[in-house]
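The structures considered in this document are given below.
Shared between the two complexes below is chain A, which pairs with chain B and chain C, respectively.
And then the complex of A and B:
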C-alpha cells in the first residue's frame, strides 16, 4: 500500500530536482527548493521518521527559503545563460552516479528487518529508553536528549558559531560604510 | 537483476539520482546562489538515504503508544523469545520461522516497563507452565506485535538538518559580502576581476 504513495513521491522529487537544475530564474528555483523540501518531508513521514519530517518542513522549507530569498533581495535575480552547455560536469556526474549505483547492488533491500543497521547497535535500547527516560514515549527524543546529549550540545555550539560568524561577516563598519556611500553618490 | 531486487533498491537509486543532480548544479553553474541550492539538494538526499535505511517493513514510527507502555507487557514477552515456543507447539514451521525473524528484527520491541514485568512475574507464579504457554500463544495471535522502525537514523539526521541550516546561512552571508565587494556573484566574473587587479 505504502509503495503506491512511495513511487509517485519519489518520481516528483526527481522531477523537481531536474527542474531546479534547468531553471534560470533564481527566484523560481528557490521556490522549487521549498517544494523539494516539502516532498522529502512527506517521504520521511512515510518512512516512519515524523520528527525528521517536521524538522525538514520547518527548517528546510521554511527557514532556508526565507534566508535564500533575503539573499536574493540583496544580490541579483537572474542566472545568466551560459555560452555553451557544460558537457564535462555532466559526464563526471554520470560516471559518479554509475559507480554509486554499482555500490548499491550489495546493499540490503528496502525495509529488510535483518539488515545490519537494524541489528547493530543492539536494538534493546528502544526498550531501555522507556525505563531510562521514565516512560517518555518518543524514542527519538529520548535518544537525542539523553544518550546523545553531548551531540546535541555540540550541535548547539555549531549553530551559535554560525550565528556569530554571520553577524561578523555582515557587520557594517561605520566609517567605511559612510565613505563608500558618499563615494557612490559622488560618482 | 530480478524484479525483487529492482523494487528493493529503487529508492536508493532515486536518492543517488537526487544526489547527482545536486552535485551537477554545484559544479556546472557559475551562480553562487545556484550552488548553494545544489548543496541543499545534495544534503537533503543524504538525509533521505539514512532515513531510508532505517525503515523496517511493516514498521511504525518509534513512538511507544501508551497502551503498550502501561502494562500490556505480557504481549512484549510473547513477542520476544517465548513466542517461538508458543508458535512451535501449535503452529506450522513457517510461522515459527516468521516469529524468529521478527525476534531477530531490530527494533521489534514491545515496550516493557517495570510494572509490566512485575505483572508478568506474578502471572508466571500463578499459572502452570503449560497454561502460560497457551496464554502467550493466544495473546500473540490476537494482538499483532508492534514493530518500530530504527530511531537512530532519525536522531542523526535531526542533528544534521540543524547543522545544515547553520552552514547554509553562513554561505549565504558570504555571498552577500562578495556581492558588496565585487558587484557580482558569478564565479567566473569574480575570477576575472581578481586576475585584472
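And then the complex of A and C:
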C-alpha cells in the first residue's frame, strides 16, 4: 500500500534532480532544490524519521532556499553557457552512479529485522532508555542528549563555529545604514 | 519599494503560529519528535520570514545583531555549564543522574529530564541565533529588493 506513495515520491525526486542538473536559469534551479528538499522531507516522514523530516523541511526547503536566493541577489541570475558538451564529467558521474547502485545490492533489504542497524547498537538500548530516563518516551532525544551528550556538544560547537566563520567572511566592515555597536564588538 | 498587502497580512497571521510551533518542538522534544536543532531552525525561520517581508531593518529592531551574536555563544555556554554543573555535583561531565532531586519530584522534572531540557535549550539558543546571524550577514551585503 505504501508503495503507492513511495514510488511516485522517489520518481519525482529523480525527475527533480535531473531537471536541476540540466537547468541554466539559477533562480528556477533554486526553486527546484526547494522542491527537492520538500520531497525528501516527505520521503523521510514515510520512513518514520520525523526528526530528520523536520530538519530537512526547515533547513533544506526553508532557510537554505532563502540563503541561496540572497546569494543570487549578490551575484547573478544566469549560469554561463558552456562552450562544449561536457562528455567527460557525464561519464564520470555515470560510472560513479553505477558503482553506487552496484553497492546497494549488498545492502540488507528495506525493513529487514536482521539488518546490522537493527542489531548492532543492541536492541536493549531501546529498552534500557525507559528505565534510565525515568520514562522519557523519546529514545532519539535520550540518545542524542544523554547517552551521547559529548557528541551533541561537539555538534553545537560546530554550528557556532560555522556561524562565526560566516560572520568573519561575509560581514561588512562598515554598515552604511546603521552605526550600531555590532561591528566594533567583533573587530 | 512595492508593498504586498496580502503577503504582509498573511505573514503577520502566520508568524505567531510558527513561533508557537518552534516552542512546542523545543519543549516537547523529550516526548515527541524534535529537539533543539529543529526548534532553533523553525524559530529562526520565523525571524527570517519577518525579515524577508518587512525588511532587514525591522527584523534587526526585533532581534538586534548585538544580542544575537552574544546568544550564539550563550547557547554553547548553557550546554557546557550543564556539564560543569554535573561535574561540580560529583558526577561525570554531562552525567544528568546527579541532578536528581527530592524537591517536589512530581512537579519538577527528574534529573535526566532536567539535564536533557537544559542541554536542548542550549542547542536551541545557538541554532536560532546562528541561523539568524547567517541571514543577517547574507542579506546585509546588499539590499534585497
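One rule holds in what follows: the second predicted complex is superposed on the first by the 172 of 187 C-alpha atoms of A that agree within 3 Å, B and C clash if a C-alpha of one lies under 4 Å from a C-alpha of the other, contacts with A are read in each partner's own complex, and residues count from 1 in each chain.
One rule holds in what follows: a contact is a pair of C-beta atoms (placed from the backbone, for glycine too) under 8 Å apart; a residue touches a chain by one contact, two chains touch by 3 or more.
Everything numeric in this text was worked out from a predicted model, so none of it was measured.
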Combined model on chain A where chain B meets chain C, clash or fit: fit
Touched partner set for A:66, first chain B, second chain C, both or neither: second
Touched partner set for A:166, first chain B, second chain C, both or neither: both
Chain B versus chain C as contact partner of A:51, first or second or both or neither: both
Touched partner set for A:140, first chain B, second chain C, both or neither: both
Touched partner set for A:149, first chain B, second chain C, both or neither: second
Chain B versus chain C as contact partner of A:158, first or second or both or neither: first
Touched partner set for A:10, first chain B, second chain C, both or neither: first
Chain B versus chain C as contact partner of A:132, first or second or both or neither: second
First, second, both or neither for A:117, with chain B first and chain C second: first
Lowest C-alpha to C-alpha distance for chain C against chain B (Å): 7
Set of chain A residues, in rising order, touched by both chain B and chain C: 50-51, 55, 59, 63, 67, 71, 74, 137-138, 140, 144, 152, 155, 159, 162-163, 166, 170
Parts of chain B lying in touch with chain A, wherever the complex brings them together: 4-5, 7-14, 16-25, 27-31, 33-34, 36-38, 40-41, 44, 47-48, 51-66, 69, 76, 101-102, 104-109, 111-114, 147-155, 157-159, 161-170, 172-177, 179, 184-186
Touching residues (chain side chain A, partner chain B) in the complex: 3, 6-7, 10, 13-14, 17-18, 20-21, 26, 29-30, 33, 36-37, 40, 43-44, 47-52, 55-56, 59-60, 63-64, 67-68, 71-72, 74-76, 79-80, 82, 86, 89-90, 92-94, 96-97, 100-101, 104-105, 107-115, 117-119, 121, 123-124, 126-127, 130-131, 135, 137-140, 143-144, 148, 151-152, 155, 158-159, 161-163, 165-166, 169-170
Residues of chain C that touch chain A when the two form their complex: 25, 29-38, 41-42, 44-45, 48, 52, 57, 60, 64-66, 69, 72-73, 75-76, 79-80, 83, 93-94, 96, 110-113, 115-116, 119-120, 122-123, 126-127, 129-131, 133-135, 137-142, 144-145
Contact footprint of chain C on chain A as seen in their complex: 50-51, 54-55, 58-59, 62-63, 66-67, 70-71, 73-74, 132-134, 136-138, 140-142, 144-146, 149-150, 152-153, 155-157, 159-160, 162-164, 166-167, 170-172, 175, 177-178, 180-182, 185-186
